[in-house]
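The two complexes that follow have chain A in common; it is paired with chain B in the first and with chain C in the second.
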Partner chain A sequence: MPRPGFVLDVDKSTPPILFHHGEGFRLEKLPAGRSRVIYPGEPLDALDDVEGAIADALANPMEMAPLADLLTPGMKLTIAFDDVSLPLPPMKRPDIRQRVIEQVLDLAAAAGVDDVHLIAALALHRRMTEDELRHAVGDRVYDAFAPQGALYNHDAEDPDNLAFLGTTKHGEEVEINKRAAESDLLVYVNINIVSMDGGHKSTATGLASYRSIKHHHNVHTMEHSKSFMDRHNSELHHSNWRMGKVIADAGVKVFQIETTINNDTFGQDGPMSVLAKREWEWTTKDRVSFIGMQQGLKRLSSPTRRKIFQGHRAPYGVTSVQAGAIEPVHEKTLEHCFDQHIVPVEGQTDILTMGLPYICPYNVNSIMNPILVMCLGLGYFFNMYRGKPLVREGGVLIMTHPTPWEFHPVHHPSYIDFFEQVLADTKDPKEIEAKWEKQFAEDEWYRHLYRTSYAYHGVHPFYMWYWGSHALKHLGRVIVVGGDNRAVARLGFKSASTLNDAFEMAEDVVGPQPTITHLKNPPILMADVK
Partner chain B sequence: MKALRFERKAGKYVAASIAGRLGAGKGAPVGPLSLKDVDEPELPAEGWVRLQPRLAGICGSDLATIDGRSSRYFEPIVSFPFTPGHEVVGSLEDGTRAVLIPVLSCVTRGIDPVCPACEAGRTNHCGRIAFGHLEPGLQSGYCEDTGGGWSTSMVAHESQLLAVPDALSDEAAVMVEPTACAVHAARTVAASGPKATVAVIGAGTLGLLTIAALRAEATVGTLVATGKYPHQKALATSLGADQVVAPRELGRVLRSLTGSFVLDGGQLTDGVDLVVDCVGSEASLTQALQVVAPGGEVLVVGMPGHTTLDLTSLWHRETAIRGCYAYTRPDFDRALALVADAGLERLLSATYPLSRYTDAIEHAATAGARGAVKVAFDLRKPGR
Partner chain C sequence: MVEKKGVEKALGAVQAAAGRVPSVRDLVSQSTFPYRAPTTPLSVEPLPDERQLGADYDSGWARKLPARYARYFVTEGLVRPIIAGLAQPERRGLDRLADLDGPVIFAANHHSHIDAGLLITSLPEPYRHQVFAAAAADYFFDTRLKATASALVLNAIPIERSKVTRTSADQARELIDQGWSMVIFPEGGRSPDGWGHPFRGGAAYLALKCDIPVVPVHLAGTGRILPKGKSTPKRSRTVVTFGKPLVAHEGERSTALSRRIEAAVAALADEATTDWYSARRRAAAGETPSLSSPQSGVWRRAWAVSGQRKRRTSTKAWPDLGS
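On to the complex of A and B.
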């Protein structure tokens, strides 16, 4: 029976706590008597028979006919699937997308459906490479469809292949992939690693254009999503749900498949397994393994460390598969996500600490640049709450990460310009949005790189900044421990060389003897703050 | 009198060249420049007067000479030994002050009739700078006969003097000569019509003054400048740059500004209408050619030297590289006004006595890194 997540009150006997620090780690002693650590739950039991669960979900969907009954000869079928941003880290083969898609294709073949397209629903993310597509859908599927041009990346800037479906009652324009919109059936295959993923957001965002996405990927929406991990209190999701209605009213039939995975991010053995253990339970072998890993990493160059970490494939177990109509499917998915992630927490804290790992949704096989550091900390981790933010309004967020002034030139070209030009001008999300977004979003060069290379869309760094706008508004100060001073300053944050220095700096904002909460993530947890 | 003299000594020139490569300004202690007791220069002819320098600036071309980086092109148009210093405000014998207009044109050389360029008022294009009754010298400060500003006494032709209003401080007046260079550049730009997008490479003295002059004299839209140091960025912004970026950022910023695409190697497919290169190095010229639009122009204001450039893009994109040297008399008149209007005396960061010339030159050569812009010799106190 896996143990649920819990809150540890730090006392004098508490050992140093492991903080992620990019492609490295820190062991930090937290002040006794006023600190607490939120631990994620242990990995839930995985399904014994994943293939059987998939088959059962497809045969017994929620509020829809069985998939086999929806498939008819001569129909146009499109299978969309989540892109390389999910899950994190990537999962060991076979990827759950592959397992689901193979069964969907088997049913389609049995029904005589031969007009099938598979589309990576990447919205404004970078295109997936052949290797990444093979990893997601498997070699058999890739080889059967890609050479014929029937397996490809969604292109949110292809005017010939987008369909405008209408506007919501709030005036939000809905424009999605034309092939998907004009198909007799759209099957969307999700990996719901966190509660933000899935639901109407899958199609309304994943297969949409900038024209459409800009209606919810903006500062107003993000400031009114408290949090965007809590779908029922998230303006981001409300907007996507409104768009979902427009999509349905336009006659697009979606068969939604959502899957959840457990917290087995680092495995039960191997050098990374220690990262999932609670520090006081580390065995002598764990300590030796950790020290060895630390020493080894210190001797390696940054690119080598990055290559090692990016090469890690997580042995996640699949915990659920549900299929059918979007809304009931997604509600069930949320239950499974919360079963794994939710940790009840009493009250807010003055200082929230977090160790940021080497990866976020937008640097798979890439570099975690400073904007992504901001997004992971102030966007994703800060928003891992339900109820209230873990840190009180005006409180301090302390993150550990090396935050190098380094960018992947192919994946993140507009990020470089955003960092050098936009953040040199202002850090205010609203001002950034008003003054700079249009120029970047409509830049033909970025558009060209997005469509033909492997670049994120020109507007994407703006979204990263907006993702942190709720936190920016809420927090009194952000401190980065162990970061590149220049890069941290460009982000508008303060640098500290040690965690204790950061605590002292934080006391200038929140007063003496502050309460401290450490969000020990990953593996993933979500605080349910009372 | 005390004067810094630059002598033709091959061994010392080589030493300066080596030292200059080790560090900017390091050529001064080991090179052909030295502080000496020398006779005051004689008045060459009628129309010449004695000028006692009060402040004399240190220019980039001076530094190139001292560090052994100057082109041999100059050899026939200078005469040794010479006293450097062409950015000069000085006192005349009647007690009034004047800024030196250092170009040694036909009139100063007693050449009559004057050459066509001088006849047209383009004294900076004078074709007789190695002839007439003066020893060769393109400017005062490079001519054996005239002396230079890095001394307590020099001579100047009446045509070389620009009266300094009482309201203008010496610190402002010493900025007039470099400002005239910038005004000349800006007026050259203005002559070819409005420019929607302009890049200024370099935010040293010349770059900063050029930004101010472009705003005052030409019609330019968006002006993006490069600056390495915070004080340079702040000054460039205050003088009229819309955006000031690190040199390595310029290509990306101009790409974004002009909606350009990028070819491998960093060449923009479009670019800005005009690049004003106030550095003149191989790197800056290469960058200028990468970011200037097809049919656009690179105006070279900073003094270049031996340079290796791939000019294929110049051919293919029909871009122009145009030099921009010195000034004319009207440029000086405009510069005097601009110095006052824009408060350009704030660019004078430090002054030194002649006795500390090695410190002064090292400071000037590393001005940007040390938070400075213009460094000058202060010759106003006796014994300096």
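On to the complex of A and C.
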């Protein structure tokens, strides 16, 4: 029986706590008597028969006819699927997308459907490489469809292949992939690693254009999403739900298949398994493998370390598969997500600490540049709450990460200019949005790289900054421990060499003897703050 | 005078340097987690101790490539030379193994802790490095150190002696199915007095279940090197005799096969102490001496077994007191 997540009150017997630190780790002693650590739940039991669960979901969908009944010869079928940003880290083969897509295609083949397209729903993310596509959909699917040009990446900047479907009552324009919009049936295959994913967001964002996405990927929306991990209190999701209605009203029939995975990020054995254990339960073997890993990593170059970490494939177990109409499916998916992630927490804290790992949704097989560090900490991790933020308004966020001034030139070209040019000018999200966004979003060179190379869209670094805007507005100070001083300063944050230094600096903002809460993530947890 | 000052200066520098080097005790006392075991926070219920030793010890790591390489070097570079020096083994009957193909069970009598090492290092290739040993869970796997050493050096798996469990048998079967041969001492423990114990049925059971042959092996002389109750080994000659592989007959039960294995080892013992033809004749007549002791008093059993030893006679009537 897996143990749920819990809050540990730190006392003198509490051993040092593991903090992720990019492609490395730190062990930090937290002050006794006024610190607490939020531990994630242990991996929920995985489904014994994943294939059976998929078949059952397709045969008994929610509020829709069985998939087999929706498939007819001569129909136009499009299967869209989540891109490389999910899950994190990538899962061991076979990927759940492959298993679902193969069963969908089996049914389509039995029904005699010839016109099938598969689209990676990547919105404004970089295109997936052949290897990444093969990993997601499997070799059988890739080899059957990619050579005919029927398996490809969505292009949010291709005017010929986008369909404008209308506007919401809030004036939000809805423009999505034309093939998906004009299909008789759109099957969306999703992986919900966190509660932010899925629902109407899958199609309304994943298959949309910049024209459409900009209506919810902006500072106003993000500042009013409290949090964007809590769908019912997220303006980001409200906007996507409004767009979903427009899509449905336009006659796009979506058969949504959502899947959830457990917290088995680092496996039950092997050197990484120690990362998921509670420190006082580390065995001699765990300690030896941790020491060995630490010592080994210290001696490796940064690219080698990155290669090793990026090579990790998580042995996630699939905990649920549900299919049918988007909204009931997504509500069920959220239940499964919360079962795994929710940890009840009493009250807010003065200082929130977090150890940032080597990966976020936008640096799979890539470099975690400083903007992504900000996005992961102030965007994703800060928003892992329901109710109230873990840290009080005006509190301090302390993150550990090396934050190197380093960018992937192919994946993140516009990030480089954003960091050099925009952040040198201002850190204020609203000012950035007003003054700089249009220029980057419409830049022909960035557009060309997004469409033909493997670059994130020119506007993407802006979205990363907006992702953290709720936290920026809420926090009194952000301190990065162990980061590159210049890069941290460019982000507008303070640098500290040690966690104790950071605590001292934080006391200038929150006063003496502050309360401290450490968010021990990953594996993923979401605080339900009362 | 100048030289003396120089020496004093050098000595002072050495002492100062030595003072700066932390002692092992200091290092241990100053070391913190993860170099030391973690303490459990007061508010947390510690995990119940999961039994990971004894029969529950997972020796799977010992079959992984790094451990196999390590064992190769330990066997060839350490165990074999030590055995050669201590036991000076004479290996007989290896030609009987020439037709074997695939995994087998080597079943031998048991006098000493040195038996497993002697038997494994006496095996021909490919068996020597593709073999695991069945070792008593309560003795070889009772501490982490012994369990690790047994698994690494002998590729041992724990076997319950006190009760019959399926776990050990299933694990052995699994390894045999993967192509590993097995070394087992069917007596279940070392002889306390040089006489054997009746063979238990484990080897026969596994041979029947896995449908593989059993090679009877007799080890002679190891009781003199490291008998039960002694911790310091003494050098002595040994003889390792491999018998003809035994294959179960159609419909043969494990008790019957076990008796045949015991009889074969007894015949090899006879062969080692007499000659092959005499031993064969006694075997044919059903007169092979039993490995087990006669039902008599302790001193008579010891007396009887001592008669089998070839005593080294000293040529010196008096100790050498020096001139």
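To be clear about the criterion, the second predicted complex is superposed on the first by the 530 of 530 C-alpha atoms of A that agree within 3 Å, B and C clash if a C-alpha of one lies under 4 Å from a C-alpha of the other, contacts with A are read in each partner's own complex, and residues count from 1 in each chain.
What we mean here is this: a contact is a pair of C-beta atoms (placed from the backbone, for glycine too) under 8 Å apart; a residue touches a chain by one contact, two chains touch by 3 or more.
Computed from a predicted model, the values in this text were never measured in an experiment.
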Room on chain A for both chain B and chain C (clash or fit) = fit
Check whether A:291 is in contact with chain B, with chain C, with both or with neither, and answer first, second, both or neither.
-> second
On chain A, which partner's contacts cover more residues, chain B's or chain C's?
-> C
For A:27, decide between first (touching chain B), second (touching chain C), both and neither.
-> second
Answer with first, second, both or neither: which of chain B and chain C does A:9 touch in the superposed model?
-> second
Name the contact category of A:281: first (chain B only), second (chain C only), both, or neither.
-> second
Once both complexes are placed on the shared chain, angle at chain A toward chain B and chain C, C-alpha, multiple of 10 degrees | 110
Which value, in Å, gives the least CA distance between chain B and chain C in the superposed three-chain arrangement?
-> 40
For chain A, which residues belong to both interfaces, chain B and chain C?
-> none
Interface with chain C, chain A side, in the complex: residues 8-11, 13-16, 27, 278-282, 284, 286-287, 290-291
Would you pull the chain B residues touching chain A in the complex into a rising list?
-> 243, 245-246, 249, 252-253, 255-256, 259-262
Which part of chain C faces chain A closely enough to touch in the complex?
-> 32-35, 37-44, 46-47, 144
Which positions of chain A touch chain B when the two form their complex?
-> 416-417, 420-421, 424, 439-440, 443-445, 448
